[in-house]
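Should a chain be cited, it is by its letter among A, B and C, assigned in written order, with residues numbered from 1 in that chain.
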Amino acid sequence: MPYISTKTNIVITKEKETTIKEKLGKAIELIPGKSEHWLMLSFEDNASMYFQGKSDSGIAFVEVKLFGSASSSAYDKLTAAITDILKEELELAPDKVYVKYEEVSNWGYNGNNF
Amino acid sequence: MPYISTKTNIVITKEKETTIKEKLGKAIELIPGKSEHWLMLSFEDNASMYFQGKSDSGIAFVEVKLFGSASSSAYDKLTAAITDILKEELELAPDKVYVKYEEVSNWGYNGNNF
Amino acid sequence: MPYISTKTNIVITKEKETTIKEKLGKAIELIPGKSEHWLMLSFEDNASMYFQGKSDSGIAFVEVKLFGSASSSAYDKLTAAITDILKEELELAPDKVYVKYEEVSNWGYNGNNF
């Protein structure tokens, strides 16, 4: 039941989006018990964003929401992996990327809560 | 002070949006003490989304944010109601819909926090 | 490590967005230890939104996400400041504006979590 939203001020081509989607589907396995089988993703490009008061370079805000919780070390590994993916595929500088986690207690799927 | 955001990869016509808005305004009463009087909604259609690595069918991610907390059974009922509404109005399959809850401690309105 | 997203159903001109960006960069200092140096912002205008079942006036939903936590009085001051900014720059009525806070335990930057 993880969900990863990627919001950035730069353009993501459909080809790049597909590659990032595949890489995130593997990266999510860094969180024990999670896999692409339960992963939902969203991408929002060309967004109005600022970091440190500026918008003249690529910026990204990634939110990882997951049912339950995981260890700090698992989150550390996932942050490194996501930051790498965005650097490789979108040339986003790691020091312009935030990856934020939310542990969720109440999460519904298929009409029922887990 | 609830807020419900509905994000989906399919198109929501204005007519459907109005109907869903009205139905959510009633469904929120499943949470004790909440009503349309305090409900804010947002809709984002035609979003870039994937579930289980695929984007070839309708997908939705619904976030319910509310001040304070409610019981698990209230959340269960709301998940069932929201999933039904999206099935009825948008033909979204329940097994392609996540409904995620966030209980909020600090929430401002009209320039002050509750 | 704060992040402020502003979502509204009205239009934000680039000029207004720049002014709001600058004012938010100062307002964030109301939270001890936070400054524009770490602040990321996003703006989404012209969104499909409803409040109290209606969409015939300006509405805004502002989310403030920050690493760690702050006092209730700091959040109170920030809510007042944000609401003032939106009133001054966008003529948004304070009773149509929600400001919601999220305290975050796991937050990554530059490939590592704080």
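Following the convention adopted for this analysis, contacts are C-beta pairs under 8 Å (C-beta built on N, C-alpha and C of every residue); 3 or more make two chains touch, one makes a residue touch a chain.
Keep in mind that this is a model prediction, so the values were computed, not measured.
Shared numbers divided by all numbers used gives the overlap of an interface; between chain B and chain C this overlap falls below half, so the copies present different residues.
A rotation of 120 degrees, rounded to the nearest 5, superposes the Cα atoms of chain A on chain B.
Averaged C-alpha coordinates put the centre of chain B at 21 Å from the centre of chain C. Touching two or more other chains at once are residues 102 of chain B. Partner chain B is touched in their complex by these residues of chain A: 1, 3, 12, 17, 21-22, 25, 36-45, 65, 102, 104-113.
Residues 7, 47-53, 59, 61, 72, 75-76, 79-80, 82-84, 94-95, 97-103 of chain A are the ones that touch chain C when the two sit in their complex.
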